[in-house]
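I'd like to ask some things about the structure below.
Letters are used for the chains, namely A, B, C, D and E, taken in the order the chains are written, and counting of residues starts over at 1 for each.
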Amino acid sequence: MVREFESSNNEKDFILQGIKEGLRLDNRDKYDFRPIGIILGPDYGRSEITLGNTRVLAKVSCEVVRPYQDRPTEGMITLSTELSPMAFPSIEPGRPSEEEVLVSRILEKAIKRGQAIDTEGLCIVANEKVWSIRVDIHFLDHDGNIIDAACIAAISALAHFRRPDITVIGEEVTIHPIEQRNPVPLSIRHMPICVTFAFFENGEYVVVDPTLQEEQIRQGDMTMTLNIHKEICALSKAGGIPLEMETIIVCSQIATIKAKWITEQIQAALDAEKSKK
Amino acid sequence: MANRADKRSFSTIRPISISQSLLSRDGSASFSFGKTKVLCSVNGPAEVKLRDEKLDKATIDVVVRPLVGTPGTKDKTHEYILRSAFESVIQSGLHPRTQIQIVSQVMMDDGSIIAAAINATTMALIDAGIPMKDIVAAVSCVINKEDQILLDPTAQEMENVKSIHTFAFDKSSSSLLFCESLGLFTDDQYFNCYELCNVAAGRIFEEIRGAITNKLQEYQGYQTEL
Amino acid sequence: MGNENNNLKSTITFEAETFRRIQPEEYLRKFIQQQVRPDGRSFNHFRKTTVNLSCISTADGSSMVRIGNTTVVCGIKAEVSEPNVNLPNEGYLVPNVDLSPICSPRFKPGPPSEQAQVLSENLNKLLKISKVIDLKTLCIEEGKAVWVLFADIVCVNYDGNVFDACVIALISALMNVRLPKAFYEDGLVKATEEKSITLSIIRTPYSASFAMFDGQYLLVDPNEMEESITKDGTTVVVDETGQLCNIWKIGSSCSPEQLKTCISKARDRYADITSIIEKAKQAI
Amino acid sequence: MSGDRRRIQGPEVTVAPIIIKSTDREKIQLKDINGQRRDGRNLEDIRPIFLKTGLISQANGSAYIELRRTKIACGVYGPRQTKIPSFSGRGNLNCEIKFTPFSCLKRRQPYRDAQEKELSQLVYEALAPSIRLDLLPKSTIDIYISVLENDGMASCFAAAITCASVAVADAGIEMLDQVAACSASYIDGDIYMDSDLVEEQRESGSLILSYMPSLNEVTHILQSGKVEVSLTTQAIEQCTDACSKIYSVMNHSLLESVKNKIQ
Amino acid sequence: MEIDLEKPELKVVLPGDPINVTKKENIKLGPGLTQTQDSIICIKAGILNHTSVKNKWWVENNQRRYIPAEKESVIGTVTYKGGEFYRLDIGSAHQAILPILAFENANKKNRPNLNIGSLIYARISLANKDMEPELTCVNPESNKADGYGELKGGFVIKCSLRYCRRFFSGEIELISLLELLQKKKDFEMAIGMNGRIWITSTSIKDTIFCCNVIKGAENLNCSDINKVANSLGI
């Protein structure tokens, strides 16, 4: 196992003291996100996200498969979040780590259970053929808060994705290559956005979008998944210190503002990409 | 002559782009042939797992990650190719009982992916300062149904071909380090491909030198006389 | 005491076996310089190769191949399945190599090692890209049922050059396959008890492998020791017309002339393998 | 959905086709009026044994056994250093039996299944008493058995034990005695020695005996099915007799291999 | 490749490039170069450097991974505390050993008390590719601590090894940047050759400011550094 060493006590004390004084190393306010970079394309369904030094690539692909027998008219969505040693030198490929389980669970909730994508719209011929949509999320560099970054990458890639158009005559299905006929976007019901908080000193201090060094000293964390309509899709607080109800309410208010801000950025990136084409 | 879909001549490679030091690892680089792009990171010499430890040299660990889907036998084969090609140039004896980890991530596959992965790895190893006695560059070509040799094929050009060839050469003697040729082909066709790719590899070495020079020139300002 | 030590220093001698263990490369070099290999072969000599067809009655086609000590068994089992939605009239041919811990101390129990995966992948590519059989001939009922041929190759003894052995075993087992007559009826596939249908094989490629030592000595059909010392491998696959199907080369650098030598030796070897397989066919 | 990506993938679900049988298995006569079985054997006869040692050059010891269609190879590695650093005064014995995917009528999956785990444990139990593990502290002996073709599970399992015992002896590991194993099937009140697959499918029970002939000691015995005590006693006697015959084959092949080594 | 040493231009070399050395006697090869049977070749990419004093040659690059070298000062974090020694992460492949007695005035009874996670400024006393590096907190010339030992408080920034070397080589622009910064903020720093710079100041805010200025100058050239320095002066 390639070990990665934690920061020294000096660094940990320094960061904690900074947070208490409302100072972060990158001069951010406690409720600020790091700058978000979204690069879409060149092909459909690709999104590369930077959140400070955290870097995530999402790629959406599709294929025609047989539907599950118990859901004959629903397409499928698969999320793959295998952590790569590129961002996590200490992980062993092929074995899911604790972190990976957490990330996949939150994204699964946000995108699949939150029904961000209309799966009925992916049906081609009931019982016979449906679209299976796959989102591969690759973590390229890790400087904290991979969940929020992965969510932005996944949802922007899905929004950017186009599947080949089809014609159905009876049971005959023709798939038109994207060079021949304009491909079709997925029907996206809403865009779930994750906002992660880190807590320090028994919940007395909170920051949004923690960096890796901040994550190392946090005492607890919470991820809220919500959309621009101020609907909360998921809320995940996996362990850590207990929080007061009031804190959670404050966080949810901040999260609504952040979700709106992030959605606008994704939308701007999508619009810019569209006008280019 | 120029009747390829992207208006290239048969013996031209696509525009190459190289970026270095992109990630917070010891070394990283991306290498592109046109749209095909591979990102590679290198970590090490670092601590090695006890069971992988070699007493007289560094252990070279290669992980290849596909863009779509979970890694399979194809990616394992690419790992094996990369490790074999670079084990012969990395001076692993200088860092015994350590690990040099290479992670190659396909960013976009538009043909010639092994060649791009080999070139990206060369760049990332250079970026990490891993000692090497030579560097490696690779190029692919295909022979289509009309018996034409197409250098550096795109994904579309790799379909319905008679044969597919990938060659990797070292820089100092431009001799063959790795080759994979598949399909059906004659001796002459094979050696024509060999020659064509050998020349193209020379082009890639120039590009690599150019990229390194550009990067170092940024620092030229603070070269002080010692 | 001191005297003894001095004696030791001056007359240090090794058993050949000890020398091989502590200085394997030097050991091999000493032989090569005498134009001979540690197992007594000349550089150009392939080990004795035997093929035994129909050796496994539970398989629909089988072959046991030995090259020297290296032994592999290929058994082909035919099952049926629905075809891929996008390729409704194509069957499947699924080759897998198992390098189980029985065949060499280098393999551990558990999922396939990297080497096994590389062997399987290379065999699969060879079958697909060089089109050994037309998968459309494995169709039973378009869009409904196709044959799936599982070609499992088990290595029983690993003494180098396993790829050549695997190719011979796979191709000869494919030739040995006898399928029942199958028909699709009410969502089921029924088959006759009698198995007499052979596969129509388009091409029968065989491989020859080489290892380069010290950049100049080309050793054909390397055994385990030669492979592990040279860390080099060149494989050339040719078909019955002499066309090239596959050239695979890893390890130390080599020149075009050396590749040409490999290719011509691979063609010579092809003729030998064909006659060995013909003999095996007659022996059934 | 994903399956095992470390192997070349076939389709997700495959089945064997339904064979339209011309003759019903149930109607096959297992013995004729003279008491002769389909292959000409008498009920108490075992199949001819082909046994050879030293075929796996990479192993410390190896053996290959063939009982007509049943074909098994065994490789022994060790004694070698135990990987887990905890100290043990006794040697470790590790047995693994693996059926190749093409070895049975129905294709077996390539990964290790529950039956293989169980059989591996039984091989361990049958062999462990014969090996001087007390002389091998901190060491491990690995016995790998590969079933290339299986013509009757009980007889195949017995052959695997015999084969493994010879392979251990071939590796030069100290043993108290060789273990010979033999199986018997109870069919319609008769005892069929060393039954094949067709016979086995009709059995009401079976017995597998592992026996050290020189010491006259049984290392392992496994009976299944409901059988009268007297029949079981008879089966045990017949199996010990058969084991003694197998023992002479084992000794013969080991002697041959020693002769070859000396030459 | 022919490399003309008389020209003052950048001498960019790649691994495998042969070096044509005019004077073959008493040659000293530094990092990035190695000798094969009959020639000298580069094993790292970078800028080829040469001094006629002692006829020394080496390749300068932007490596980030630290390879321990004797006599260099490094900053490490304690990861293990044993009866005879501490183990420190200094960013190299192997952790470094710091013997308990390698401190000023340390003896069997009077031993330093460092905790896991403490930050130490130390000097490499032994470096060998086959052994774990060894550290000392005593300057062998004076037998005194001379600044080596535990670093209290402050923060650590990580940068390329070359950036650290530039401070030690006394590059004018960097030194003047530090001087200007010193005028504005009262701060202390320690530079480890392993790519770690420790900075402390009177307040968290000032430390963050200094860290960002120093970190920000890493990838700038001289004129840009001057610009940064000037902007500080206002």
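Please note the rule applied: a residue touches a chain if its C-beta (ideal position, glycine included) is under 8 Å from a C-beta of that chain, and two chains touch if they have at least 3 such contacts.
These are the chains along with the protein names UniProt gives them: A = Exosome complex component RRP45; B, D = Ribosomal protein S5 domain 2-type protein; C = Ribosomal RNA-processing protein 43; E = Ribosomal RNA-processing protein 40.
Keep in mind that what you see is a predicted model, and the values were worked out from it rather than measured.
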By label, the chains that touch subunit D as well as subunit E are B
Using mean Cα positions as chain centres, tell me which chain lies farthest from subunit E.
-> D
Chain whose averaged C-alpha position falls nearest the assembly-wide average = B
Please state which pair of chains has more C-beta contact pairs than any other pair.
-> C-D
Most distant chain from subunit A, judged by the mean position of its C-alpha atoms = D
In angstrom, rounded to a whole number, how far apart do the mean CA points of subunit A and subunit B lie?
-> 31
What whole-Å value do you get for the distance between subunit A and subunit D if each is reduced to the mean of its CA atoms?
-> 54
Distance between the centres, which are taken as Cα means, of subunit D and subunit B, whole angstrom = 50
Check each residue of subunit C and list the ones that touch at least two other chains.
-> 117, 120-121, 124
Spell out, as numbers or ranges, the residues of subunit A touching 2 or more other chains.
-> none
Touching at least 2 other chains, the residues of subunit E are none
Between which chains is there touch?
-> A-B, A-C, A-E, B-C, B-D, B-E, C-D
Write out the stretch or stretches of subunit A touching subunit E in their complex.
-> 5-14, 17-18, 21, 23, 25, 27
Any idea which subunit B residues touch subunit A in the complex?
-> 22-25, 35, 39, 41, 43, 46-49, 63, 65, 67-71, 99, 101, 103, 105, 107-108
Parts of subunit B lying in touch with subunit D, wherever the complex brings them together = 69-73, 76
In the complex, subunit A touches subunit C at residues 63-66, 129
Parts of subunit B lying in touch with subunit C, wherever the complex brings them together = 73-74, 76-77, 79-81, 84-85, 87-88, 163-164, 170, 173, 175-187, 190-191, 194
